[in-house]
Structure formats: C-alpha cells, structure tokens
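Next, two complexes with chain A in common: one pairs it with chain B, the other with chain C.
Coming up: the complex of A and B.
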C-alpha cells in the first residue's frame, strides 16, 4: 500500500500502455485462439470443433509447401540480412573520410524507408526481361539471352532473400555502427600499443565487443522470419507461387480469399508457436540472457 | 519459468500482427427478413426529389465503386441521395483493400445496411455463412425490380442461391472481356480484322515487325496480357472454357485438358518470336493498359467498357489522334462456337445484421430508376452535370469523372444514355451479349487456380513443354481432389 502511494503516479502512467496491449494485442490474440477452435462463420452460430481446424491445416499439402518456403526464405533472409550489414558496418568503420561514411550510410538506409509496394515496383521494373537494367547488362555486356527472373521459379527464392537483405541492410547496419561507436576507445589504444594490426583489432576487439549487439539483431530478425508477407504478396506471380508462398500467404488465402477463418486462425497459431520455439532456441544458443 | 513467460509475452505481442482482429459478435437481426413496402419514386424524373421523403430513414453503405470520386464529392453524393430519396445515407468507400474491409467489417459485427460485392463465388460463401438477407419476396414484389425492362428476367439467375432464393440486387450492368485491337494499326498496315488463329498470328506478327507506330524503332509488341487475364477469346479456338465446367455431374477444368495444349503452344510461339510482351507473367492490368495507351502493343485482352475508355482517354489527350481501339470476337472452335467471358456482376447485399433493411430496399429500387441511374452514371446535378430542359451538359468535373459514379452501364431499358456510349463500347457489348457466358467458380477454385496458372503460364512462356505442363497440371488437380476427371 505504501508503494502504491509512493509510486501511484507512475502506476497511473502505465495504465494506458497496459490498456493498449490488452485491447490491441492480447484480446485479439485470445479471440484468434478461440476462432481456431470454432467452425467460424461470419454470422450466426459458431460451434466449437476441437482441433478440427488444426487437423485440416496439418493435412493440407499447401500448408507444408508454405512451411518449407518459409523456412528456406526466412532462413536465407536471417543469414544474409545478418552477415551483409555486419560486413558493411565493419567496412564503413574502417573508412576514414567522414563524408563518404555518411553518404554510404544514407544511401544504404533509403530502401528501408520505402514500402514493399515501392521496392517491389522498382525491382519488377529493374528485372524486366525487355527493359530492365539487369537484363540490359546481361544482353549488351555479357551477350546472354534475357532472363525473366521473376517468372522463373529457379531464381524466385533467391530474389526474395536478396531483396529483403538489400532493403533492410541500411537499418541493421546503423545498429551495428552504433554498437561499434560505443566500444571503449581505450581498448583500441591498448591493442595498438600491443602492436595489433587493423585486422587483429577487428577480430580481437571490435567483434567481441559487438557480440551483444549482434545477439539482439539476430534475435529481432528471428522474430520476423516466419512473418514474411508484404514482399511475397507484392513480388509473387503464379509461376513462382509454389516456391515463394509462405505461411502468412497461406493464412491470407485461407482467411481473406476463401473466408475459412477457422483454419486461417489455426495456421496463425502454428506460426506463433513456431516463432516461440525458434526464439527460445536462439536465446539458448546465443546465451542471450547474458547480454 | 519466468524466462519462458517473458519470452512468451514478447512473442505474443509480436505475433499480434499475424492475426486479424477476430473480435466478433454473433450478429443476428430479427428484422432482416422483413419486407418493407416498395419506395414510391420508381418513375421519378432524373433530378426530381423524392415525392414523399422517407421519415427517419438512415442507411449505412459500404462499397467500392458507388459514390463521389473524392471525399468532398462523396459528401455531396450523400446529400444528393438525401435530396432524391429522403434517405440519410452514409457511404464508406475504402481507398484500397476493399475485400479485406468487407471481411473485417462482417467478422467484427459491424452493421452495414448495404454492401457492394462483385464476386459470385464470395456471394455463395456469404450465403453459406449466414451473412445475406433473403430478398425473394422483396424482389418479386417490387414493381421496379420485377419489371423485365428494368432488369431482364434471365439475368436474375446470377443472383439466386442454390435454393433459388434471391440474395442480392444488381448494382449495374457488367459486361465481359475480349481481345481489343488497335484498329488504326490494322488499317495502316492494310490488314483485315482477324477471325482465325492463323489470321491472329499474322496480325500480331505484323504489329511486332512492321513498325505500326511509325517511329522507326522495333519497340512494339503484338499482344500483351496480364497472366491468364483474360485469354478466353483465344482459348475459344480450342473450345476450352476457363474455370470449372461440370461434365456429367463431374468437375472438370478444360484448361487442364489435352485440348488446351495447342493453345499453350501457340502462345509459347508468340513469346519465342518476341511477338508477345515478355512481361505478361508479371504484368498487372494497369501495366497492360498503359502499354496499349502508349503505342507499345497492338492488342490486349480486357473489358468491353475499356474500349471506350481507351478511345476517350487518347481523344482527350489529343483531339486529332488516329488512335482507335476496337473489340474483337473470340475465335470460333471446331464446331463454330465462340467462347467469351462474361464478368461477374456488381451487386448489393443486405447483410443479415442490417439495422435499416427498409431503407436499403428503398435505395435498391431507387438505384434502378432514372434518378438513381443518373446519379450513378453522370453524378451530382450542378457538380458533375447541369440540365436545361431535357438537355444534359457535363461540367469539367463531370467530364473528368467519365460518367461513372458506380454505374457506367445499366440494365434499365427505359433510361437512355444522355450522351450515348463512348466510342466502340456498344459494339463490344454486342459481342458479349452474343457470345459470353459466366465462369463457374466452385469451392476449391482458389487452390485449383494456383495450379492452373502455374503450369499454364510456364507452358505459355516456354519454360515447360505444353503437353508436359498440361499432364502435370491435370495430375496435380486430380491428386489434390480439385477435379473429378
């Protein structure tokens, strides 16, 4: 009671935040869970059907196809969107000219600001077989026949992975650079006094000191890999759908296009549980609790 | 354990984005099936206010097409409904993601009195899910709607459920799709309108190779589509109809039969020879239209109404343009039959939880009378058009809005087009009336469509041998129990 009196104002300030999460996060979550156990109709009775929706989803070959696509594309994005910005951040850290460093950061960051609708439009145009710059280079420089990248299922997953990496690279790069900046300069001074080369400073000072930032970035990326949707929705077409349709596309098709909300909610909860499992694994593997 | 709970909380919050807001109410409405007396302004003149204003009638409408073109004009549109019918209407017209909005609204128990839809497959699902009010007594008892001159009797079949009950009312007349050709290019190259597959090939090849736009560059294509949207006019040559076709009580998909193989091979030949726009797999319909309007392609496959829109758009940009779009008939099959596609109609439903079904019914009757049709086509008096005696004149705003506020075309034969139809539209609609039929979308079509499109587009673009593509398409459809034979 004494604490309540002492910190009453603070508790009061927390009320809107808690209310926000209850109304906009946990309540829909609980309703979604309820829906996954119902023969859900838009109006009228909605009888409970036990695990029938989960059973239907698990016996749907399209769900498993989407699962494989999600793991392949999500895994690829997780890997590339971790390594690429790390390499660039470390490289930029070695650049001495500030103007170049800032310019490079800005250019790298811009795609993060654009929506997938814009990014998708740009790359559909750039990869076009008749007027896209990529094919123009292939044809005029390498004398190769144009490739319809976005209509060829052999390239589809790679395109999803690389475009996502390209789009988010600048953002993650800034996180890494912020981590690098916060490293105590005396560590570098000590290393230099011990005769460490630039490479040794990088491997023995920068990377170990950056490990906590790397753990946070990796965990944040892990939380997102099963939720890929926008880029697939924008860039997919029927010829590559079987290689790129991810779990969220499956949920979208079941829920919005087929109006089968029970199975859609069940599929969503599979995503939820898988995300939870993946997060726990990553936390354990990276010893995240020591951050 | 504490860590696990903390992790679960984190993931739960993040995962909220995965889930749609499924908060719901069991929406039921005892008044849903009651029938109000028909409105009394069925024969009113174009801009004549309601004879007897509807007392306290409110109406909440969710639609994709009907209303003003801007939020400001939408407000005026609502006021015009009030002036003409006495109904205090509120129109919500989402800028995008209309289907999601409808679903979210219905699922969350929001109460609309009228919802506009344009997908018969979705209508059937909504009927199954208890969303739709039975309008049988209302439609059959309405002097306006039961008049065959207002809506042809045969058309109502589209809006009946499997038990023969009327479950929706038309919003406008919907036409069909077909090949649309640059007639001025045909004339310039001395070519006749193609009738057979070989003639089509020759025309398309000439569009590619003979510099029809006269700019001295090899930068034109013969044909562009937006994936399989809509190649029915060509597939007609092989006698195959898109989507499902019931054959002796069994589900078949003719695009997945051997009969379709020569057509996929024909398209692959066009692609291989550079006659077809290579982006057709990734095109949306907007890109396809832009290619046609910008002299990059000589033929596209699109809606009848767009024949006029194409001509009008170019005419407005350049009054001296020679640009002339013209609709072509599909190619006859071996038995002489031409298969063309009739589009799903645009229609209104009254949701079962509507709070003002009487106002909704009054509005539906008004919508099919001259004042309603004038509002839905020309727009708002003194905003989109002015009227002196019987003569209409479009304002600059009206010209910009292209006489389309949700009803560019209508069924009611008693209501004449004040400015006639845009050039080429009537001829295109005549072809639809003569040859086009609706497509049959059965449950499971979204899954089947993915398979059909995947293999069909691979065959058409030359990534896969057409015979092999059809074989795999058929096997996969059969394996997933999406067809019966």
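Coming up: the complex of A and C.
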C-alpha cells in the first residue's frame, strides 16, 4: 500500500497509455495470430483450420510476386536511400558558404514533409506522357519519343525506387550531417598537418568516423522496406501492378478488399517474422550492439 | 573552419564550383515541380491542359481554386482533416508526455516492465497488424467514424521516448524540492516539466501534426463514407484517380494542382519556423532506435 501511495499518481499516468497499447497493439497482434489459423468469417463460426491459411498463401503466385516486388523495390530503396543522402551530406559538408548550406538543407528536406498523395500526384503529372515536364524535355531537348513512365512495366520499379529516394534523401541527409559534425576536429587538423588532400581527408577521416551513423541509418532503412504501402497504393495502376504490388498491398487486397481475413492475417505474419529476421540479420552484420 | 578558406588552388576552386552545381541541380529537382504546380493552379482550365512547360501562370485565373472549393466541396474533407489532426495531435502529445514523465523516475517499481511493454510495440510494424486492427475497429463500431482516425496512433513508443529524453534534461533536484514543498506529481508534471521541456513539446507536436495531416493508410482502411473522407483521401480521388483513365467526370489540371497547393499550405507555412525542432527531433529519434 505504501508503494501505491508514493507512486500512485505515476501509475495512474500510465493507465491510458497501457490501455491503448493493449487494445490497439497487443490485442490485434494476438488476434491476428489467432485469425491466421481460422477460417475467419465476419459472422458465424470461425473454425480453426491449422496451417491452411499459411498453406494457401504460400501456394498463391500473387504472394510470391508480391514478395519478389518487395525485395526488389525494397532492396533498391535500401541501396539508393543510403548512398544518395551520404553523397549529399558529404557534398554539403564541403560547401563553405553557410547560407548556401542551410538553404540547400532546408529545400532538400521539404519532400519528406509531404504526403505520398501529394508527392505521387506531382510526379504522376511530371511524368505524364502528354503534358509532363520530363517528357517535354525528352521531346524538345533530346528529340525522343515521349515515354509513358507510369504505364510501362519496365520503368515501374525504378520509379518507385527513385521517387522514394527523392522524397526521403533530405531527411536521411540530416542524420549523416549530424554524424559529420560530431567528428573530432583535431582529426582533420592532424590529417592536414600530414598533408592530406580534401579527398584523403574524406576517405581516411570522415568515412571511417561516420561508420556508426551509417549502421544506424542502414538499420532504420531496413526496418522500412517491408512496410512500403502508401507509395505503391498511390502510384500503382493495373498496367504495372504485377511489377510493383508489394506484400502490404497483397495483405490489403486480400483482407480489406476481398475480405479473406484468414489468409490476409497469415500473410501479415510472414511480414512480421520477416521484419524481425531482417532486423536481426542486419544487427548481426553491422554488429550494431557493439556500437 | 577558417583555414579551409586558405586553400585556393584552382583544383579546389573547380571542385567547389562543381560541388555547388551538383547541389543546385538537386535543389532544382525539388523546386521545379512545386513552381510548376503553383503556376498551373493559377492558370485557366484550358491553358493548364496544354502540353508545355509552365513555370508561370498562363491566363492567370483563380478558377482552379473556385472549382475545388465550390464544386468539389473540398471544405468538408479539409474540416475532417483539421479535426483529426488537431484532436489527435493534442491527445497524442498529452499521453506521450505523461508516459515519458513516468519513465524519468529512476527507482519506480515496475519501470522496467512498463518500458519493455512500450518498446515491444515499437518493434511491431503497424502495417503487420493492419487486418486485426481493422477487425478491432469494427468490433468497437469505429469504422466510418473520425474517432477511428484519432485513435489510430494515439500514442507511440517513439514519442514517449522522445519526451522522456527531453524531460531528462530537467534537473531532477527541482522536482524533488517541489515535492518537499508539497506539490503532487500531476502538478509537477504540468507546471514544471511541460514548461521546461517546451522544445520537446514543440518537436513531438510538429512530428505528430505533419504525420496526422499526411495520414493515409488509416483513412483508406477505416473510412469508406465520402462524408468522412480526410483531405488526403479526397485528394487521391481528385488528383490521381482522374489523371490516368478518367471515367466519370473531367477535372482540369489547374483544379488538381489547386488541390495539391491547398493541402501543402499548412505544412509549408509552419516549416520555416519550426525547422530547428525538426532537426533536434530527428537526431534524438534516430539515437533512440
């Protein structure tokens, strides 16, 4: 009782948070696992069917298509969204004029603030074959035939990867810049004393010193690749669906549109397990815990 | 930094120029689309459909905005978005701060258990429980209500940890002396911590504000009554579904672009004032995960 008297107010403060998490995080998790083993109907009996849902998902060619798309698009985003911000951060770091640096950082960050509806809407228009700027340039400057980028399955995955990189690079760049700023300046002084050029300072001081930040960014990006949804939902169309529909899209279609909740829940659990597995692998690979 | 200016060899100069041009080119890929959108939104309907590069309004007109506002009734989804964003953000910040405050007590019994309880929720991607979440909302009769959108992400481990790290900067001795003076936890929380961690409040508020304004997955899943659409969902129907193979009605480009401008206005308006909080939040957030 003494405990409650002393800390009662604090526990009371936690009550709404804990209640929320139980109802909207833990219960759905358990419920999802249960549903994945049921023949789930919105009304009536929901008999347990063992692994039948998992079996159905694993034998669904659309699932494997979604898996391949997720890995290709997610992998591409992982790679490009790592390299592009790194290059930009290094490049920004070499800029000597503070106002230019600040302005660049501010402008590059803007797309991150916008929703995928807006970013998608803008780029669908920019890439449109009859009035988009990109095709205008192709036609008038390079004298090429216009390309219907978003209806061409050859370009579809690239568009997903590049747009995601474009949207998020300013954001990730901030993480790298912060890493660069925290490097001990005496390391650069020592390097300069030894006659290191700008390039040598970059490869022998900046990059090695930045490795911890790189690990963090890589881990954060890895967690994101299986969650790609908004972007695909907005930019997809029937022509390119088979090249861009990712796992979350598959789940959405199965669960919300076709109301096959059992298989949808089973597919979600593959995503969950894959996310955890990927995280562990990346943690191990980058030896994140030793940082 | 000053000695970096001294190296003025031509190679360095050439590098600086190329480097500057590279960054400028990147910035242009961000700026041109927005200028294009803005210019088209102020063009007349016919001019906006003509295939040419538009960086300045052609046949200046407010027609796009008028149609979006009057004929397409964008004010209703706009209102829905404002309600969900404001109510959701206030509650989110309040609940996250409360929990963040609890976690600064070093010797609180059960703290480890509660912290683990919160951390686990951060490991489970929201998307992976999409289907059961839909069922939960359905069972609670929240489908097609704005409450479902307010409740979605009402609190998050991320915000809790962010608030906690701001609260940890408040000297602990201060709250101890306040306690000796007879102040209760709620009072200390409200009058001392929330005020002294104003930067933290601003950071979390802005993150949540932007996140909720842009929220898309939840409204797509939980709402199918068009009177309850939020701005993002209404925009999707307006600018994307009509752009490729329009079936029902014709929406001219200037109308679609006006919709985009209206939806990003609140974000662009607050951005310059709050940039520093964003930076701080991003950095703290990344070091937490």
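The criterion applied here is as follows: the second predicted complex is superposed on the first by the 268 of 291 C-alpha atoms of A that agree within 3 Å, B and C clash if a C-alpha of one lies under 4 Å from a C-alpha of the other, contacts with A are read in each partner's own complex, and residues count from 1 in each chain.
Criterion: contacts are C-beta pairs under 8 Å (C-beta built on N, C-alpha and C of every residue); 3 or more make two chains touch, one makes a residue touch a chain.
Not measured: the values here are computed from a predicted model.
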Chain B and chain C placed together on chain A: clash or fit? clash
Is A:194 touching the first partner chain B, the second partner chain C, both, or neither of them? neither
Query = Which partner does A:25 reach: the first (chain B), the second (chain C), both, or neither?
reply = both
Comparing chain B and chain C in the superposed model, the one touching more of chain A is C
- Query: Of the partners chain B and chain C, which touch A:241 in the superposed model: first, second, both, neither?
  - Reply: first
- Item | Partner chain(s) touched by A:55 [first = chain B, second = chain C, both, neither] | neither
For A:116, is the partner it touches chain B (first), chain C (second), both, or none of the two (neither)?
-> second
Report task. Tell me which partner A:257 touches in the superposition: chain B (first), chain C (second), both or neither. Result -> first
Task: Name the contact category of A:283: first (chain B only), second (chain C only), both, or neither.
output: first
After lining up the shared chain so the two structures overlap, which partner does A:43 touch, if you call chain B first and chain C second: first, second, both or neither? first
Inset, instruction - Please indicate which partner A:152 is in contact with in the superposed arrangement: first for chain B, second for chain C, both, or neither. - result: first
Footprint intersection on chain A (chain B / chain C) at 21, 24-29, 31-32, 35, 124, 128, 130, 150-151, 223, 227, 237, 248, 251, 255-256, 261, 264-265, 268, 271-272, 275-276, 279
Contacts from chain A onto chain C in the complex sit at residues 3, 7, 9-11, 13-14, 16-18, 20-21, 23-29, 31-32, 35, 88, 91-92, 94-96, 100, 103-104, 106-111, 113-118, 120-126, 128, 130-131, 133, 136-137, 150-151, 166, 170-171, 174-175, 178, 192, 198, 216-217, 219-220, 223, 226-227, 229-230, 233-234, 237, 248, 251-252, 255-256, 261, 264-265, 268-269, 271-272, 275-276, 279
Counting only contacts in the complex, chain C reaches chain A at residues 1, 3-5, 7, 12, 15-16, 19-20, 22-23, 26-27, 29-34, 36-37, 49-53, 95-96, 98-99, 101-102, 105, 108-110, 114, 117-118, 121, 123-136, 151-152, 154-155, 160, 184-186, 189, 210, 213-217, 220-221, 232, 235-236, 239-240, 243-244, 253, 256-257, 259-260, 263-264, 267-268, 271-272, 275, 278-279, 282-283, 286-287, 289
Per the touch rule, the chain A residues reaching chain B in their complex are 21, 24-29, 31-32, 34-35, 40-46, 61-62, 124, 128-130, 146, 148, 150-152, 223, 227, 237-239, 241-242, 248, 251, 253, 255-259, 261, 264-265, 268, 271-272, 275-276, 279-280, 283, 289
Chain A partner, complex, touching residues on chain B are 3-4, 7-8, 10-24, 26-28, 99-100, 103, 106-107, 122, 125-126, 128-131, 227-228, 277-279, 281-282, 351-353, 446-447, 450, 453-454, 457-458, 461, 463, 480
